[in-house]
Structure formats: C-alpha cells, structure tokens
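Just passing along the structure, written as structure tokens.
Chain IDs A, B, C and D follow the sequence of writing; residue 1 opens each chain.
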Amino acid sequence: MPILTLIVFLPLVGSIVVLFNRERMWVQTVSLVTALLSFITTLIPFWVFKSDVSSFQMQELIPWITSLGISYHLGIDGLSLFLLPLTSFLTVACILISWNHIKIKEQLYFVMFLWLEVGVLGVFVALDVFLFYIFWEVMLIPMFLIILIWGSDNRRYAAVKFLIYTMAGSVFMLIAIIVMAFLNQNMGSGFGFDLVDWIKLDIPFNLQAWLFVAFFVAFAIKVPLFPFHTWLPDAHVQAPTAGSAILAGILLKMGIYGMLRFCYPLFPEAVVYFTPTIIVLGLVGVIYGAFLAFAQTDLKKLVAYSSISHMGLIVVGIFALNATGIKGGIIQMVNHGLSTGALFILVGALYERTHTRDMDKLGGLATRVPVLATFFMIIVLSSIGLPGMNGFVGEVLLLLGAFKYKWWVGGLGATTLILGAVYMLWMYQRVMFEKERSCGDLIIHDFCLREKIVMVPIVLLIFFIGLFPSFFLDKMDTSANKLLSYINNSPAVVAMVDNDKVIK
Amino acid sequence: MLFKAIYLLPLLPAIGVLINGLLGKRFGEKTVAFVACTSVGLSLILAIGILHQMLIASPAERVITSSLYRWISDGSLQINVGFLIDPLAIAMIMVILFVGFIIHFYSIGYMEGEPGYRRFFVHLNLFIFFMLILVMGDNLILTFVGWEGVGLCSYLLIGHWYEKKSASDAGRKAFVVNRVGDFGFMLGIFLVIVTFNTVNFVELKTILAGNHGIPTVTLAIISLLLFTGAVGKSAQFPLHVWLPDAMEGPTPVSALIHAATMVNAGVYFMCRIFPFLQQSQFVLPIIALVGMITAVYAACCAVGQKDIKKVLAYSTISQIGYMFMAVGCGIYVAGMFHLVAHGIFKGLLFLGSGAVIHAVKGEQDIVNMGGLIKTIPVTAITFLIGLLALAGIFPMVGFFSKDAIIMGGYETYGIVYWLFGFGGAILTALYCGKLFGMAFLGESNFTGHVHKPNFFFKAPLVILAVCAVFLGILGIPMFTKNTYFAQFMGSSFNLGAGGHAAAGHGIPLSLEIAFTLILSVFAIAAIVLALFMYSKHRKTMVDFESRHKGLMMFLLKGFWIDKLYDTIWVRPLKWISFYSDSVCDHRIVDGAVNGTGKIAMEVGKTLSRMQTGYVRYYAVSIVFGVFVLVGITMMFLF
Amino acid sequence: MIEQAVFWMLGAVMIVGALGVILLPNTINSVMLLLLSMLALAGIYVLMGAHVVALFQIIIYIGAVLVLFIYVIMLLNLKEQGLKLPMQTFTYIISGFSLGLLVVVVWLFWQSLWGTTFTGGAGNLKASATVHQLAVDLFSQHILIFELTSVLLLVAAIGAIIISKK
Amino acid sequence: MGFYHFLSLGIILFAIGVVGFVIRNNTIVLLLSVELMLNSVNLIFVAFSRYLYGTEGQIYVFIIMTIAAAEVAVGLAIVVSIYRLFGTLDISKIKLLKG
C-alpha cells in the first residue's frame, strides 16, 4: 500500500472536498477532519519504520516522465520520519487556532493551508529531485497568498519580499539540479533526477563547490542563515497567526532538511571545504539574532529574531560533521517547530485579546490571564532550553557536537544559553509581569477550551521529548550515521584529513 | 528495602506539584498547604529511613545507585536518568527536606491570605523536586537538570510578587546571572564528555582513581569551568550580584532557596566532583582565593546594610565563601559540615527575620526597628541563637564548623589564609551584633502595633534554634579530622589509596587550641561591642554613619559592583543590540537586499522611458536591431 | 531579350508604385498604387515560371486584401489627409539607417553570393516546379502546415469579427 | 537577368516598405507598408524556389499569403476599432503603451 502517497495527497483530497460547500462550518470541519486524518496517517511510518536500516524506507518508485528520467520516487529515513508528524500536527493546530477567526475568504484560507501541507509533506518525502523541486515551489504559493491576503497592514511588502527572496534562492538550486542531471548522464547513468542515483556520482571538487553553493544558498535563505534572514521578520510580523506558526514551525525546517538531504550526500568534499565558513555564519546568526531579538518591542519580531538565533545554532550543529550534531539538529528541528510554533500561537492569542503586540503597552497580564501566562511560561522555558523540556536535549546535542568540532565553536554557541534567557525572560516580564500599562480597561478573556486543546498536546509533547528523547534519538541514529558516512567515506575527504594529519 | 525506593524522594514533591498545579483551582488554602506539606513530609520520612539504614550499613555499602531509564544516548555515550545516594548526598538531602519541610510549614502562616497562595506552594514543591534531582542525579547532565530547575524556581519565587517591577527584575537578574555560570558548567560537561565519554559520577570517580593518563591541564580546565557554574549558583564573587536583589522574594523563599539549600548547591557540587579538584592541584588555590575574597567582601558589605534581609543575604554570600575556602583547601568534610550548619542557622535567621517583618508590618529597615525583644521575645531569642551560631560562638554549631574551616586552611596555605578567615569572622560578629542591637535592643523606633507571632511562626523557629545549639555535637571530637560527621561522610571523599582527606594533623594541637581561643575571644569581644554600641549608644553610631556617608554608601551598594556591571556589560550590550537593530540590520543587511530591489526598479524605470508608445519607434528599434545583427555578422564573415 | 525588357519594365513599375504607396497623401491613392505594384509583381512571378503563385497573387492580394482595404477606407469615410511626415530628426536618422541597411545587405549579397551558381540536386533538374508537383508536395509533405493555416484563417476571421464588434 | 536581379528587386521593395512604415502616420498606410514587405519576401522566396529547383519556396509563399490575408483581416479590424476609440488613425496621437 502506498502509504507515503496517501500521506502526501490526503490533504489535497480534503481540500477538494472543502470546495464543495461555502458554509463556514463545512469548510472548517472538513479541513479539521482532513488535518486530523493526515496527522494519523503521518504516524503510520512510526510503526513501519525500522530504525536499523540505513537506506530509504517505504520507497515508492513509479516512472513518470521517462524521456527526462523523472520518476515519482518517495521514501523516508530517520531524518524525515519526525518532520512528517510535526508538519501535520502543526497544521491541525493552525486550523484550530484559525477557527472562526478568518473573516474573509475562509474557504480559500483553509484550502491554502491544506495545500501548504501537501507541499511540505511532499518536500519531506520526495527522493526524485525534480519532484522535490516541484513540491518546494508548490509550497511557496499558498504561503505567499496566506501572507498577502490575510496578513496585517504591510502585507504586500512582506509577501513579495518572501516570494522574491525564496525564488531567488530556488533559481540557483534549479540550475544546479539541471547540471546534476547532465552530470548523471555524463557519468553513464543516463539523464535523470533520482537522488539515489545522484548519490553514487563522484563529482570533481571544483564542480562540487559550485553546485554546493547553489544548493546551499537556496536552503540558507529558507533557514534563514545570517545574511539572508531579513525576509523572516517582515514575513512573520505581517502573516496571520497561523501563518507565522507554520512558517516558523515547518517552513524553516525545510532549509535544514535540504542541507542534510542534498548537500551532505551529494557534495561531501564541498561540505568539508565550506564548513568553517558556514559555521561562522551560523554563529553570527546565533549571537546577532539574539541581540536583535533583545532590541525589539514588537512581540512577533522578537520571536522571529529568536528563530534566527535558534536556527543558526542548528546549522552550526549539523555542520559540525559529527553524528551528535546531526542528531541534535534533527531533534532540535522538531523542538523548534513545537516551541516557536506555540510561541507564535500564544502571541497571536495575546494580540487577539489586547490588539497590540507592542511590549511597551502590554504588562501585568499574568493576573488577568493566568492559564495563558502559564502556557506562555512553559513555552518560553522550552525555548530557552530548560532541562526536562525538549529544547534542552536538542541544545545539549547541538552544542556538544559543535564542541567536538572545535571547542570555541561550542563555546560561542553556548552563549545562546545566556542570551536566550536575557531576551526571552525580559519579553515575558514586559508582557506578563509588572503593572498593567494600557490594557487595563480591556475585557481580556483567559484561554478558551479550543485554545487549551491546541496547547495541551504541544506542552505534553514538549515534556515527552524532554523526558524520553531516546524514543526519537534511537530512530534517527542509523540515518545520522549514514549521513555522516557520506562525508567520512568520501575518498577525497579521507585524503584531506590524511593531509591534515601529515601537516600536524 | 528503602534503598530501592529512592526515586520516591523526588517523586513525592513532584506529585504534590501535579496535584496542586492541575487540580488545585478548586482547593482552599488549607488543602493546598496540606498537600504541599504532606508531600515534602513523606519525602522527609523516607529520607530519614534511608539515613538510618545508611548509618547502620558499613562505609563501603553507603553508596546506593538506581538507574531508572536511558535518557539521552549518543553513540557510546549513555546518559541515564539515575540516582546516586551516598553520605554526601544524604547530608544535603537531609538539609533540603528538613529545612524545606519546616519552611513549608512556616509558609502556611506567612503566606496566609496572599493572592498567589497556590502558585507559591506549587513553586515551592517544584523547587524541592529539582533540588533533590540536583543532589541525587548520578550524572553531570541530570545534576544540570536540577541545577537549572532550581534556578527556574528561584526565578519564579523571587518574582512571586511580579507586579512589583523590582521583584520581577530581581528574578530575571538571578536567572540570567545564573545562566552565565551555567554557561561554564555546560562547557565543563562537554569537555568531560569529550575527554571521558561518560558523565556518570561513579564511573568518573573510578576512572580518576586509576591510571587515567589524562593531562592535568584538561582536568584543571574542567574543574574551572564547572567551578564557574558553582560560582554563579552560590553567588560567589564576581557573580554574587543577584543574591542581594533576590531578597525581593517572600521571606520563606529567601530562607529556603537563598540561604539553606540552592545557593549551597555550588559547594555540594564541588564536593561531588572532588576527584577532578584533587587531581588538578592548582585549581584548589583559585577556589580558595575566590572563597576568601567573597567571605571578607560580603562581610564588609553586610556591615553596611540597613535592610534586615540584605544583611542576611550578604552574610549568606560570605558564609558560602567560607565553604569554598574549605573546598579550596581540600577539606570537603568541613565545607559540607558548614553547609549543614549554615543551612540550619541561616534558615532560622531568615525565618526569624520573616517573623520580625511580619510583626512590624512589612518594615525591613533595621533603623526603624528597635526594642523588639520586649514584644516578641521568642523570636528575639531564637534569632539571637541564630546570630551566635553565625558568629561562631561556642557552643553553637557555627563554632565547630567555622573553626574547622579556618584551621584546616591554615595547615594548607598558612597564616594569610587564617588572617582572611579571622577577619571575616570578626566582621561577621560585628554585623551580628549590630543587627541584633539595632533591631531588638535599645529603644523602639517603631511606632505602631506589633503583631504577635502565632504557632506557625514559633514552632519552626524553636525547632531550628534547638538544632542550631545541639548540632555542634557532630563536630566533636574537635581538632581532629575524625569528627562524627567526618566518620560518616569520609567514605564519599575517598579517592583510592592516596587521596583521602582525613589524614592526621600537620600542626601541633596546642597551636591549634591557641588559634581557636584567639578567634573566639575576638569574636565574642566584637559581638559584645557591637551589641553595646548599637543598643545603648545608638545615636552616636547613627551619627557616625551619617558622617561617613560615602563609605556607608559604598558598603551599602556592595562596593558599587552592580553599577560597574551595568556600565561594562549591560549598557554596552544594550547599545550593541539596539544599534545592530536600527543600523546594522535595517540599513546594512536589509539595505543591501532592498537596495538590490531598488536597483532593479531604477533600471526598469529608466528602460521604461524607452517605451514611448509610438509604434514607429518600435519599428525603428527592430530595424536598428537588425542593423546591429548584420554588423556583427559582417564582422564574422570578413 | 524580350524577357529582360519585360523584367526591367515590370520592376520599374513595381518600384514606382511602391514609392507612390508610401509617399502619396491620399490613402485611396496609396491602395490603388499598391494594386499596380502587385500586378507588376504577379508579372514577375510569371517571368520566373511560378504561374500558380502569380494567379494566387492576383486572386488573394488584389481580389481580397486590397478590396478589403478599399472597403475599410470607404467605411471609415476618411477625409483627405495631407502628407504629414513626422518632423522628428530621429525619424530621418532611422530612415537613413534603413536605407543604409539596404545598401549593406545588397552589398553583402553581392559580396558573398556573386559567382556561386545554383546547381541544386544535379540529377533531377527541372525548369521550375510544376503545378502538379506543387500540389503533391503541398498535400503530402506540408499537409500539416496547410491545415494549420486553415485553422489560422478561421481564428483570424473570428478574431476580426470580435475585435471590430461594437 | 539572373537570380540577383530578382533578389535586388525584392530588397529594394522591402526597404521601401520599411521606410514607409517608419515615416507615415496613417495606420492604413502602415498596413500597406507591411504588405509591401511581405510581398518583397514572397518575391525572394519565389526567386530561390526558381533557382534552387525546389517547390518549398512556393509553398511558403502560399502560406505567407494566407497569413497576410489573416493579418490584414485582423489588422483592419483593429484599425476600425482604433478609429472608433480615438476618432483618428494618426498613430502619433495613439501611445497607450507609454511606460
């Protein structure tokens, strides 16, 4: 049974059913049911997945455009295994928080969310690079529209910036993909786009470097890595709550996913060659993002910049070239998706109640909305990596990986411990503590049942990952080692390392 | 067998947290308090049981380990959720649970009618839970979990009255400064992992006891990094700045967290990793030096304080400095003994100060008190017992514990060390005398009705006072390193054949007795002098202080170190952050991006001017283009 | 000899007619002169042995296209317009360019092609394509293009109707 | 009288068409100029067909004629609607495409 196909296209089917009726209830209920079903299907791989197999699993291979060597090739490994349920889970959450809150074109809105889910799920399971590219671009359109139609005041600027930025990166990747297809032909396997074939290619270093940069820029923009990050705050601030949540929760992960999925196996020598540069960029992102977050007064912007900081750390971890960092990166992707997604949901909930995101105007809300404040606290703590919660596990592994790479990389990365606490707690204080500043006369309701239903599973997951990370780590172990082996087994890399030793 | 059930120790407070936290909305204050106290009380009973079993076991069997499940694994590195209880841990656990239980009990009365009653008890229970995790964790990472967890609870409890800006500021400051220390802690853990590929205390100890061949420098760096964490948590110089501010929290919190348990965790942790310290010799003097500086510095500051709780706060910093002095001499037992003693008498003092503050309706400035001994005698007497213990007057427990530290160090570092200890002790006696004289003796400066303390206040004070008097028993026989406490603890600090700390004494007994006598006499003299001056000649002293305003301000503000940090850290960082937001990110990074867009736009605008709308023009352009093409063709043809 | 005389005569008529088309102020005169020019062109086709093309030229161009022009001019009832040549220097420059281009192209052809002889496929030389052969080729090899042009015509007819509607 | 005579004739005709297209303002004359250019191309095609002994040249001429007819039909329709819209056929007054 083609489970992966089912996973990817179930939301599409649901979105078609949504179109049958314009009634608000129909639209919302069908979307929710679809998202829930989709969530259940994304859990299936957990049962089928064998954690000791290093190749791709649950593969589906159907020739598609044979004349161009394009096939419909899906498959998962320990890297994508967790991103699937994360995606569908956050989609459910986003549909729930948008419940009755979308005032215009709600049918289109929910359809867009389901399409977005299709695109993202497709990105995570596609093994044919052409197919991957299609999903990669497909997912842009719904996100663009979500920002453009349902965003706040300056949405056009943000949406266009988001689109152009991402497109600019994708173009480089497209060129590199085509070059790779020709390379595949030149090296005797025929013109084709199958990743599994590409991995076997032995590309000369000069070419690798160029291709790597082309791929990497596309992914780095998505992450976003330090100099490419400026679209993110704008997009986040302007997007509707659910849009921000899904943007931060899932879309950013696609960049990291791409780096691990493509850059690692295809261009191992280039990865080793560029590692120092990338690590420095990542570290700059960590520290710079934290400083910027500290300077913000807009809640959403603060969370957006904190995302930049956290994602920078993930990049540092996965380019530390050891299994610890890679595993930390994978699990931190899930963690960051949960906690930052939840942060955006909470900020959105606050905005709904107080009609402002300006921290100088908020304050003293802990007394008014104790339940919201408690959830907020838990999420903030998870975000700054308090032990016992998910963020800690990821941070420890990432930093340990970085530390194993070079001690000072770990050291600089670990400043996130301090800086994260500084801006997050200051934010919390300004929003929740102290005296009320300007919302004193507003009627502010605490969390309603629907919002609790959204947050409770997130919080449970946060603790589950924090307390029993082995459940996840064991499943990704083999895949992480496999990814690493591409680097370590590459003959040229071995030669480089040997040279190093000789010099020493 | 109780040893099998040690995981229940932290579990019980956790259950208390869950019950109160999730279901407590409908509970009344009494139910909440009952649940919280019972959970800690049951835990305490269990701990006493374990202590009993441990006492009757032979020293070699006094190590209990219990591994619950595999937590994080990375390659061959395994990090379990597992617990380790040895005499070192049980001593700390007893302090935590005993003092903790008493303070829970005390809080029932102290927090009565407060709006955040349930929240307070939830956080308090959570604190006990994390503290036990810290102490019982059998590996560095799990200890770090507790370490951060208590930091969190400290943050929450300092900011309990979060509507006060100063309170939430203080909480945040505590958390952030602690995180600075934790930064070092974390790096230390990483270095341990990279070097040893394990974080389990027992395994580490085994490795270090054998022939490990690891360079001393590595061990020293590990020790220093982990020590950074301890400095942060235990409020040692230069990371002490958060503790005086932490007095914004409710007084029971100050007693439990910022006097008896959490701030001592640094000392405990140094004792826990003593094999590292033992094997990297030049780290010990650094620790001792930090302890010495802190002990004297904080004692000086305490003399200048006016707020009753701040006096105690600086005193706590100073006393923990003493403990680090002990650690720095390698006499861990003495450090732990002072830790236990300090937990008792400082808990007592804080609870007493709480009772005083409660009695005088929230007044904390000792200048505005006075003569309280007449109105609240029980509080006053127990407070005095606490102060005497703090000043190290015979026969209080402080006498034994402090003497052990000062004398133990003399053996290692000589007279300079002793002088530092001596100076600190004299200053301690001074501010003890001043505090008691100002607050309880002399004429009353407080105008208003004084609340009598009720049972919830008195009972804890009396129990702790009794302990403070009689716990000194653990410190005999004096002048040997074989006290009762050391007999029990000794096995924890046994690193193979060579490293045992409880060897014989290197200095003659007579010299030691002489030094002790000198110290005692001077301390008694100082305390009596201060008592006398600040009660009978209070006016003179106040005049004296007002004449030397600069000096008093210097002491009051803790040598202006807060201000210094504000200037060299906080402001520059804030400036960098706002600068990088407004200029760097918007103008440069985003400017480059938008600039690209603008260039494209400008080019487009310029080119669009060629779009005249005249068909003729376009036709001409085609012709022109053909002309160019033909020209190029010609160039290639001929 | 006669052929040459006819060629020169027809050529002169054609060029003069074309110049008239672009230089006469009255549109209807322009159309009439184009008619003349095209008749001359048809004659040249006959000279080259392309009889079918010549016939088509007369039927399609003169019979259909130019009639259409005349019809539209009459329909719009255009008033007499003077020959208002645009007075932009730019236009003169470009006119110069196009004439220069003309010279260059002619020169190019003379340079590159002069002296080469078109022998074609040496075995089956024919004086010119016969009607029969033309038909065979058109309906076998080029049938697709042929059909497509019919579609194009249809589309154009519909397009013209829609554009000029209302 | 050879190939080059026909060729030169076609080129001259084309140039006259270009110049006419550029210098005239009247839309109908523009269309006439286009016809001139098309005819010149036809002439060259037929000339090639004649001297290369092939049928393709003539076949293309047919097709070009068809296209020219279609073009004129559409073009004149546009002329008519332009006249309706602007009341003039002077293209120097019609410049909606101005950027």
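Quick notes on this structure:
As a working rule, a residue touches a chain if its C-beta (ideal position, glycine included) is under 8 Å from a C-beta of that chain, and two chains touch if they have at least 3 such contacts.
Since the model is a prediction, treat every value here as computed from it, not as a measurement.
Of all chain pairs in this entry, the one linked by the most C-beta contacts is C-D.
Centroids built from CA atoms put subunit D at 93 Å from subunit B. Chain centres here are Cα averages; for subunit B and subunit C they lie 99 Å apart. Centre-to-centre, using mean CA coordinates, subunit A is 59 Å away from subunit D. Taking each chain's centre as the average of its CA atoms, subunit A and subunit B sit 37 Å apart. The set of subunit C residues touching two or more other chains comprises 86, 91, 94, 98, 101, 105. Under the contact definition stated at the top, the residues of subunit B that touch 2 or more other chains are 616, 620, 623. Under the contact definition stated at the top, not a single residue of subunit A touches 2 or more other chains.
Contact annotation for chain pairs lists A-B, B-C, B-D, C-D, with touch applied as defined. Of all residues in subunit A, only 161, 164-165, 227, 229-231, 288, 291-292, 294-296, 323-324, 327, 364, 366-367, 381, 386-388, 392-393, 396-397, 399-400, 403-404, 407, 410-411, 414-415, 417-418, 421-422, 425-426, 429, 432-435, 467-470, 473-474 touch subunit B in the complex they form. On the subunit C side of its complex with subunit D, the touching residues are 3-4, 7, 11, 14-15, 18-19, 21-22, 27, 30-31, 34, 37-38, 41, 44-45, 48-50, 52-53, 56-57, 60-61, 64-65, 68-69, 72-73, 75-76, 78, 81, 84-86, 91, 94-95, 98-99, 101-102, 105-106, 109-110, 113-114, 118, 120-121, 124-126, 128-129, 133-134, 137-138, 142, 145-146, 149, 152-153, 155-157, 159-161, 163-164. Every residue of subunit B that touches subunit D in the complex is listed here, in rising order: 608-616, 619-620, 623.
Those residues of subunit D whose C-beta lies close enough to touch subunit C in the complex are 1, 3-9, 11-20, 22-26, 28-29, 31-33, 35-36, 39, 42-43, 46-47, 49-56, 58-59, 61-63, 65-74, 76-81, 83, 89-90, 92. The touching residues of subunit B, counted against subunit C in their complex, run 616, 620, 623-624, 626-627, 630, 634, 637-638.
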